[in-house]
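Have a look at this one before I ask anything.
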Amino acid sequence: MTELQAEQGAQALEVSHEAKTRRNRDALIALAVFVLLALLPAVFSSKLLLDFVIRCAAYGLFATSLNLLVGYTGLISFGHGMFFGLGAYGFGLMMQKTGVPVPVAFVATLAITFVVALVIGAICVRLKEIYFAFVTLAFQMLIHSTILSWVSLTGGDQGLRGGIPRPPFLGIDLSNQLHLYVASCALLVIGLFLMHRIAQSPFGYTLRMIRDNATRASFIGIDVWRAKLTIFVLAALFASTGGIIMALFVSGAYPEFAYWTISGEGIFINMLGGVTTFLGPMVGTVLLLILNDTVTRLTDYHGLVLGIVILFFAIGLRKGLMDFVVEWYAQRRNGDGERR
Amino acid sequence: MLEIRSLSKSFGGVKATDNVTLDFADGSLTAVIGPNGAGKSTFFNLITGALTPDAGQILLNGLDLAGRTPPEIVRHGIGRAFQVASIFPSLTVQETMLAAVCADQRKASVLHRRFPLAETRDRAEHAMELLGLANKRNRTAATLSHGDQKLLDIALALVLDPKVLLLDEPTAGMGTEERWRMIEKVRELWETQKITVVFIEHDMDIVFKIAPEIVVLCYGRILATGKPDAIRRNEAVIEAYLGTEHHAGITV
Amino acid sequence: MDLDALTGCLASSACLVTQTTSGFIIGMLLFLVAVGLTLIFGVLKVVNFSHGAFYMFGAYFAMTAYQFSGSFALAMLCGAAGTAILGLIFERVFMSRVYGADVLMQLLVCYAFVLIFDDVVRMIWGPEFKSMGMPAAFQVVPLFIAGGVVPPYYLLLIGVALAAAMILGLGLARTRIGKVIRAAAHNPGMVSALGINTGLIYGGVFALGGMLAGLAGALAAPVRSLTPGMGFSVLIESFIVTVIGGMGSILGALIGALLIGMIRSFGSLGFPLFTEGLMYLFMVIVLVSRPTGLFGKEVA
């Protein structure tokens, strides 16, 4: 069941200005969510909670952008984490080496990501699914090994140390936790809003067609390669933004940010939350971070526990949590199960 | 006017399409027939860009489309439906139509507006009405019956306002009664839409009853072209069918 | 970049021999891992993302067996047989449940096992670097070939790997089981219609693939350090090998592995910081010019 259906119910076409009001509604929801998140510190003053939300923002942007590839386009990228790492290192290096203002470094990092994603995407998106998955993974490993071996620039396996300077701009001081928190929430909400608009745009439906049947899509005049490359680059920009938030949060960048396990976790987050809904990956992010924190506290064998949880979902349930919610909702709405 | 000039394609020495030259007049309805392996589907695949011809031209109103990609060829006005209904399983009928019109209006990569676009509505609605799918608009394509999926496939081609419509076995996998309903639909579309229609069909009863023009392919070559009466009496055709195939379709 | 070192080496026969031998070592180990990967893909249409774990287990099994028995032959046997059993269990209990499911599920199951296996190794053998040590039988004076130093163990390693390649190639081409496996790769429905148990074949192919990777790990144990996670970089490299050689092609895996071995060996002289980069670069060039690999066939 697609979102458009959910909104339209069983009614006939009602396109016209309906679309505009829905978009305004989305903007209002985004604004409301941001205000709620921004007011959170006033109610709960726990530093841990704020840290948690900042990490959710970083991973949430990353995971949701991966869902644009996996869920909406059917491109299973196993190397999407490279853009997360690229964002963290690009931004960190820019701040450390050049001392430009934060917004300039932000934009410049996205520009670098754009170019890198364009080159890698141009090579990868022609490949069939399993090749695509592994060649993206290979590029991720290339970036990771470059970070490790280019010690003079990246600090090698020690990562970018010595902290990232975060000079205040426009009255925003990102070295202050509260300011960073609000800025992260803003980036998260804006990022989600933009990605939702992509998903609901005509281009979003082009992606769905490619996922369902790329051959047919090309026979109604769609340039499949271009569309895939476009979403690959767009998703990379959002993943990079997630990496920038992470670099700001830890005031550094570490090779783990560019390691393949980030991509693996991203795929798992999508599976956990479910790829059939827009917010599934966000739900998955919150769940995985809670799970990670709990498991790390309880045992040294974090991978073992996580692996078993993944198996439970992949072999046992075969669906994400939000998929169950959507199915349950659909069944309640129309018991005949006509529209699945 | 669709003119095919000396079109050839071979696969490892086997000539699947061998120097085929054919004209399809504007507004004509032509059936392509031939024994299994005659190269009918290859012929369609060449015209629509799914395969690149080794040699020859595909002229649509004088413009050579040979060797171009499927999206380009579709945009020039050659639409096609597939032998096995080729649809978007998770999209509804209505979404499919709206998205196809969107693609036809070169708005498939629009990011700043929300789907569906108001200006795509009338054409989508029209196509659904034409193929009798309007009352199933909110069904996802995967849940449609086989016949409806074939109709949706044709609707996908038709909604793009093609000049030429190629239908690869519109009646494949259907029972006798359903076949006739489908082929009546095809004929009705041809009559009302005033477009050039070329279809592949196995059932000789249908072909001889419906198609004003017939092309017989055999081993990649044109065996005969003409009106049903002439084809029915053509020695070479009878030989090809009775000699090589157990097909009992031709009963004069 | 240090092109002088590279050209200097190419001019000296001693260096040439040393680097070529080291390229062969890397290549042959990669081949054993990659050929299992490509075989499993060819028959089961699954990319075993956890294949590196078999390499890792092979090495650890061999080390433990050697420490207990002191016999090198037994160590090799344990490495190969142990991972074969592991592969069989892994396929029958877990992977067989996700055939036909989408690639995402298969990747996730394998991902889960990469995490699990690494932690299992950490639990049993500890997180620190281990080394098996060179068996006494091979602690002899190295051979000098055209001025280059070649440890005898290297020759054994290359010999064993080549023998495995020959046996595998001949076995698939000549024996009945080989024919059944090849038939299963082309048309699994037909094979099961002929009354052959495809489950058994799938399990067997996984066991064979696991055994080859385990053998590679066991052979590598005396010359490499052992650590949890050691399998992953090998997995990535052997995947690159299969991409270059063509998925499903054994000859392709051999050529691809040797190419990567030589690139790594000579590349480490000329481009010490960009050795891995060279490998990826080579893969990209092959992919762009021949998307199905050097020996790959277009799968319709």
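Quick notes
First chain written, first letter: the chains are A, B and C, and each begins at residue 1.
Here is the rule we go by: a residue touches a chain if its C-beta (ideal position, glycine included) is under 8 Å from a C-beta of that chain, and two chains touch if they have at least 3 such contacts.
It should be emphasised that the depicted structure is a prediction, and the values quoted were computed from it without experimental measurement.
Viewed as a contact network, the protein chains form an open path, each link joining two chains that touch. The most distant chain from chain C, with centres taken as the mean of CA atoms, is B.
Closest to the middle of the protein, by Cα centroid, lies chain A. Centres computed as Cα averages put chain A at a distance of 34 Å from chain C. Centre-to-centre, using mean CA coordinates, chain B is 49 Å away from chain C. Rounded to whole angstrom, the centroid-to-centroid distance between chain A and chain B, based on C-alpha atoms, equals 42 Å. Across the complex, chain A is touched by residues 48, 50, 69-71, 74-75, 79-80, 82, 86-92, 94-95, 98-100, 102-104, 107-118, 120-121, 124-125, 137-140, 142-143, 156-157, 160 of chain B.
Those residues of chain C that touch chain A in the complex are listed here as 47, 94, 97-98, 101, 103-105, 107-109, 111-116, 118-120, 122-123, 232-233, 236, 239-240, 243, 247, 273-274, 276-277, 280, 283-284, 287-288, 291. Those residues of chain A whose C-beta lies close enough to touch chain B in the complex are 1-2, 4-5, 8, 10, 12-13, 15-17, 19-20, 22-23, 197-198, 200-206, 208-209, 211-213, 215-224, 226-227, 230, 338-340.
Across the complex, chain C is touched by residues 70, 76, 78, 123, 126-127, 129-131, 133-135, 137-139, 141-142, 145-146, 149-150, 260, 264, 267-268, 271, 275, 300-304, 306-308, 310-311, 313-315, 318 of chain A.
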